[in-house]
Structures are given as C-alpha cells and as structure tokens.
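Heads up, the next two complexes both have chain A, just with different partners, chain B and then chain C.
Coming up: the complex of A and B.
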C-alpha cells in the first residue's frame, strides 16, 4: 500500500521527521527557559515530551517493531498525570499569591 | 513426600501460633475482638493435641518394626558440596521425646485455658505457647545440627517471651532478659561445638557425626573432648546446670503453666536430650563424660541444698528442677543414656504436676506464693492436694511411684558403671535426701496445719475449675504409673519386660557400649533399699519439723550460719554480679560507649557530614532560586553529555 506522504516521510531518510522533532524540542526548551509564566512553562514541557514521542514513533516505524509505540503511549499517560498535577499546583499558587510569574518564587535560593 | 505425616506434626503448632499471633496483634489495635481467649485456647490446645495423636500414630504404627522414619519437606541450603536439608527424623530416642513433649504440652495447654482466664492478652499467650511447641518439636526432630540449633534458639526465644509475658512489671521483664542473656552464653558454646565438629567431620547430620566418632575417629582425644565440652556448655545454659543455672529460679516470674511446660517438663530437658543425641561423640570423649557427671552431681547437690530454705513455692520447685536436671546429667555422664531419658520422662510428669498444682494453689491464694502464709489447704482443695502428694511421693522416690524407678536406676548406674564412681554416688544420695526433705516440707507447710494467711484469703479459698484439675489428675496418675513401663529386671525378675529399656536400647547402643560392673543381687537390692530409706528419712524429718508448727517460721533475714548461706543461695548471683556483670557494664559505658561509640564511630560519621557540608557550600552560588536557570543548566548538561557520548566514546 503506497501513500505519497508516507513515502516522502520515510523516504527522505528521516530528515523531515527528525527536523520536526528537533524544531518542536527547541521551541519547547527555549520557551521553558525564557517565558516567565508558569502556565507557558508547563505547556513547553508538554511540547518537549511530544517531540520525544514523535521521535519514538518514527524510530519504531523505521525499525519495524512496536516497542517504541508502546513506550509513547506510556509517555502520554505520564504526561497527562503531570499536567493534572501541575495545573492543580499552579491554580493553588495563583490563589495564594495572585501571580503565576516564575520570578515570584525564588525560595529555593541556596 | 514420604512420611508427610511428620511434617504435619511439626507444622500444626506453628499454624496455631500464626493464627493466634495475628489475631492478638489485630485485637490490640481494635476495640472489637476477632476472637477471644476461649477460642484462642481451644485452637492452641487442639493443634497440639492433634500433633500428639499424630505422633502416637507415627511412632507406633508408621515406625513399628523400623529403626527410624524421616521426611524432608525442603532443601534448606545447597551450596557446592554443602547440603543442609530440613529433615525431620524420628528414631526411638526422638520418639520418646516427641511423645513426652507433645503429650505434656497438650495437657498444659488445656490447663492454661483455665489459668489464663481473664488476662487481657491471653490470645498472645496462647500464640507464644504454640510457637514454643513448634520450636521444641523442631529441636527434637531435626536430624542435622543447624535444624536442631534453630529449634534450640526458638525455644530460648519463647522462654524469654513467656517469662516476660507480664512485661509491665519491670522485675519480670528483667528476669526474661536474664534468662535470654545467660542462655546466649551457653548457645555460644554450642555453636562453637557445632563449628568444631563440622570443620573436622565434614557433615552436619547428627547420625553421621556419631558414626564418625564411633568408627573412624581421626581427631585427637584432646579435640574430641573439646568438641564434647563445647556442646555441653550449651547444655548447661539450656538445662540450667552449674555455672549457668542462675536464670532458672528467676524464670519463675512467668505464668505458672509456662514454668510447668518450659522450665520444668520440656525446654530445660533439651540439654539432656542433646547430650543423649550425641552419645556417639560423648562415648568417644571420656574427659567430657566425667565433666558431665561431676557437673550434674554438683548441681544436684547445690540446688537441693538451696531449696531447703526457700519460702516461695515456685522457687522451691525451680531449685528442685535444677537438681533433678543434675540427676539426668549424672545418668548421662555415667553413660546410662536410656536412664537419663527415662528420668527426663518421669520428671516431666511429676514436675509438671507439681508446678500445675502450685499454680492451682497460687490461684486459690489470690496470687500469694509464700508458703509461710499458707497451710491447711488440704480440705479446701482436695484434688490439688492429692495430685500434689502423688507427685511429691514420685519425686522423693517412694516405690512404686515413677520417680523411684528412674532415680534409683540413676544412682545404681553411677555406682556401677565404668564412667561412674562412688563419690558421685554419695553426692547423689545426699541430694536425694535433700529432695525428699524439701518436697515434704513444701507439702506440710502448704497443705497441713492451720491457715496462716489473711482472713480475706481464707474466705477466697476454693478448688480450681475443672479445666485445671483434670490436667492435674492426668499428670498425677502418670506420676504414679508412669514409671511402670521401665521396671528394672531385678525387681520383676524378668516377669514384666522393661518396655522402656527395650524400646530405647537399640537407638542408644548403636554407638558404643558402656560397661556396667556386675554385682550380686544382694548389693543391688541393698542399694535400692538404701534409696527407699533415704526417701523415708527425708519424709520423716520434714514431718517432725513441719507437720504441726509449734511457733511461727523464723524471718529469713534473721538467719545465721548455714541457713543464712542457703537462704542467700550461696551469694552466687551477687558473685556473678561483681565479677562479670559490673566489670562488663563498666567496660561498656566507659570504653565501648564513651570512647569507641561516641568518639570514634559517631565522630567519623559526624565529621564526614560536616566535611561535605563545607565542600557543598562552595557550590551553593549555583542555586539561584530561579527555576529557569535550573532548566538552562539541565539543557546545557544534556548537550554536553550528548557531545561527549557521540564524539568521545
């Protein structure tokens, strides 16, 4: 079964997919470092996770086995849990201090 | 699995202990009980009683015509050439022990149902008691030294738990601790003996050890004796012999059925059983045999004299137990292992009966244990009185009670055997005289004369419930007839076979024969007559002094001369305290605690902690408190790691 899009994605030696992965991961990490809002940072983390997921699925397809895909499903679950907990924490922080700027939370200074 | 019946015998008490123990733990945390003392008691009793019935079946049906039966439910250790299997092994020797232990245990479990009634932690009590039976059966049936040692330690643990059963009373908790620590000293000797034997024999199985020492002993006599003495040190701890007997009188702090079961009938006889079990080794070690003989004789004499002046009913019985154990070791030391086991059995009957009787008396007296405040209990508690009297006649050695046959044979063997000698016989005879005297003193002061307690106690006096008197009657009857299975050939003229001897002899005589000098029948009869006369003298002395008390018994603190020495138990506890306990405490506090523990070990631990704190403070500036900085470090770190992984490896 031939599909032009599939052919393109797999045929390009992974350049296309891996470019997307790197792009997504870079956007995520840069956002994490430079945005000051906690909510944005959480979203950036999700972006990085999904970049990793994509790479796993691509490599799984490349090597013709399903382990990577299974792993990506597990990462989905972990990510969902993380978001649930993370958002709950952020909501509580906002209720206490009326701000979700990361600069307001520097108690960890050594 | 072949003969899995034996496994069931062993495991049943453990199941009872596990169930009752779990429930006791849960009951302690919840207001509502899962089951109370009644069900716990019945459960504990029925597991042990079933074990007893199965033991009878195993011994008399399964083993009939065979030398031994065994069962291996589990391979415990397999490591190279070393193989230790969890094997349970019944031969004629362990068969006798098994029947005595499970039988007496079943009776005492039944008694406990009545005795422990009303105690808040009775479920815990029954779980300990069952655990004890399990450990004891393990000790008896284990065919290799490690399995025996596990049982050996297990009974020590249960003894500790049960002596300190009422642990809220600090004195009792201390008594439990003392028993445990003194036993540990003995266990250390036992362990050394096991190591020594294993290193030289190369086998852990007891039968092979006996075989080795009997047939191809290539060990020098010195090391053979050392091995046997090491094992005997273990026996002195467990069976309360000089120098480690001091824990047993204190162990009377435990509930009375425990004193009867563990500290009279079964656990304390484990040392005797062990020596008999290793008879192949002991017969190859004449010096060790002689030590066993002398230690037994001296212990018998020492504790019999101490018992003369004790006023606590249980203390008298405790010293009496130490003394009777001394008799058993005398028999073992004289090479008469069959007689040692015979006395072990009869002693289990009459001493358990005496202890349970004393428990019944203490019960009626509302916790009073001092015989100076008793008296005249005969008419208030007839069943207790009669059974107590039967057991007293047995221990004093009146024919035809059980103790007569066994004790007389011990004295005869000490006199006639190649390993015995006349001096030890004289010591044994004096100890027997003391035994008769202090036991009848106990009977007269407790059951005869006028009541000397408070009027409140007098109104309270009553016979114990049937759950307590039935075991007394069973054991009292056994004190009377229990010796009849071992009537010596001399008395019956061969008309009645000596069942006990015939049963046990094949298992014992396999590894060496002990030569017993032949004397004329007249000599034998006159010695036998002498032991009867000794018993009568003891009884007569006690009767003339204590049957009708003319004046009040003197205050022990005003004793002088020999009574003072005996009342203070030769100051052995004080001597041990001065020369062993206090120097050790001093050493522990001033050297081990203050110098090596606080300074060296704690110093090293604390020093390394402060050191690392200083090092880490150098890097503390990296912790800016800005979360995004941490994210940045992480990404840089990962990038560096990836570069290293790609280009360097």
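Coming up: the complex of A and C.
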C-alpha cells in the first residue's frame, strides 16, 4: 500500500490535477471569447473538451470506476464530429469572404 | 521523488504552456502546435493515471486524426497576414483578467473546501472503495468489456452521431456561396 504514486494521486495530486483542469478551461474560454480568428475559436473548444476529459480520467482513477473512461471516449467522438462540421463551416465562410477574421461576419447582426 | 510523480508535474506544466501558446500565438499554425503539445502532455497524464487505453486513443484520435485535420485545413486556407494583425477583441484586457480571477477563485475554493488537508481526496476514495490500487484497474480488457456491455447503447448512439456528422459535412460542402447546391 506504500506505493508513492498511489499516495500522490489520492493525496496532493488531486489539487494539482483539478487546478490544471480549471486553468485549461479558463484559457480555452478566454481564447474562445477574445480571439478574433475562427480557427483559434475552434481549437479553443478542443482545449476545453480536453480539460473536461482530464477531470473525468482523474475521478475515474480516484474512485476506481471505469465509467469516466468510457465517457471520455464518447467525448473524443463528439470532438471529432465537432471538428469535422466546424472545419466545413469555416471553409464555406472562407470561400465567401476570403478571411478568417470574425470581424467580417457582421451580417448576422440585428 | 518518484519518476512518475515528477513527470506528472512536468506534463501538467507543459499542458498549461501549450494552452498559453494557443492563446497568444498570432498565426493559427503556432496555436495548433501549442494545442498539440497540450494533447500529448494530457496523454502522458492519462497514462500515469492508469487510463492506458484512453492515453492511446488520445494520441491516435486527437493528436493523430483531429489535429492533422485542423493543421491540414490551416495550410489549405490561404490566410493573409492582415487577418491576425488584431488578434484580440477590444475587451480582452478587461475580460481576460476577470476570467483569470474567476479561475483563481475556483482553485482557492477547491483548496479551502478540503481545508488544506492533503488526505481529503484519499479519505473520499477510501470510504467507498477500500482497495486503493487493484491490479485490474485500467487496461484495455476491463475498459472494452465495460464499453461493449454496460455502455453498448451509448456506443451505438455515438456512432449514429458520427454518421450524422458525415452527412452534415457533405451537405455543407456541397453549397456554393449563394447557399444553393452545387451541380
């Protein structure tokens, strides 16, 4: 039972891991909200999904339960679908305006 | 210090650094490289957390397939340099510190919720699961047995989502710039 890695994961590694999760999610949301480039926004969503995956894997290890791992695999598939559709939409928008800056897409404004 | 614990800290710092590269890089290809570093570091963390199959999937699916798709399209789109001369919104210097303060507040609340006791997570785990390190945790066998028996419906359902995404991508790409279908 005196495995140092197990003691670390169940002890001080929890705060470290969840801090990483919170910081990655914050960086992803800042990038999504404040970057003016469509590709950066798409990649920021990926970063936030990765942060959520890390917390799922950590709690799966903490509780010795495989449900978190299966759920993170589902998140992989959802991320793949989202990237495929998002890239297709970005290509269509780029064909229209020849720019990836979101300042060009103002026709949705009320 | 155990080598795994040292690498866990290193991977965590690399993950945060890759996220910061994504945030501050001007050209999207540099941001994609930062995101790639984050994904590989997270794969290492998954492996240390005994989720070996998820670590392999992270490398194959995320770093192998999704990032290659993103980088391929970044290189395919002819992005001019004036597209990213103004990388941030005007409210960045107001909004970003607020979100950073919010994140720091969450970390502080997390730390104060367990009262600074390093064993709080351990207690949480040991109350309901007395065996802390069973030999059969992780590994592809238990994982795939779970996936194909207990979560079979979710597995099939998510494959339906994948099929719907394929149909959606094909129908989006077929449109021309007026929204009509290309012949």
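Basically, the second predicted complex is superposed on the first by the 99 of 110 C-alpha atoms of A that agree within 3 Å, B and C clash if a C-alpha of one lies under 4 Å from a C-alpha of the other, contacts with A are read in each partner's own complex, and residues count from 1 in each chain.
Assume contacts are C-beta pairs under 8 Å (C-beta built on N, C-alpha and C of every residue); 3 or more make two chains touch, one makes a residue touch a chain.
Nothing here was measured: the structure is a model prediction, and the numbers come from that model.
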Combined model on chain A where chain B meets chain C, clash or fit: fit
Contacts of A:54 with chain B and chain C, given as first, second, both or neither: second
Per-residue contact with chain A, leading partner among chain C and chain B: C
Touched partner set for A:105, first chain B, second chain C, both or neither: first
Which of chain B and chain C A:96 touches, first, second, both or neither: second
Partner chain(s) touched by A:29 [first = chain B, second = chain C, both, neither]: both
Lowest inter-chain C-alpha distance for chain C and chain B in the superposed arrangement, angstrom: 9
Shared chain A surface residues [contacts with chain B and with chain C]: 29, 33-34, 36, 103
Partner chain A, residues of chain B touching it in the complex: 620-628, 631-632, 635
Chain B-facing residues of chain A, complex: 29, 32-34, 36, 41, 102-103, 105-110
Residues on chain C engaged by chain A in the complex (per definition of touch): 2, 4-5, 8-9, 12, 15-16, 19-20, 22-23, 28, 31-32, 35, 38-39, 42, 45-46, 48-51, 53-54, 57-58, 61-62, 65-66, 69-70, 73-74, 76-80, 83-84, 86-89, 91-92, 95-96, 99-100, 102-103, 106-107, 110-111, 114, 118-122, 124-126, 128-129, 131-134, 137-138, 142-143, 146-147, 150-151, 154, 158-159, 161-162, 164-166, 168-169, 172-173, 175, 177
Chain C partner contacts - residues on chain A that touch it in the complex: 1, 3-20, 22-31, 33-37, 39-40, 42-44, 46-47, 50, 53-54, 57-58, 60-64, 66-67, 69-70, 72-74, 76-81, 83-85, 87-92, 94-96, 98-101, 103
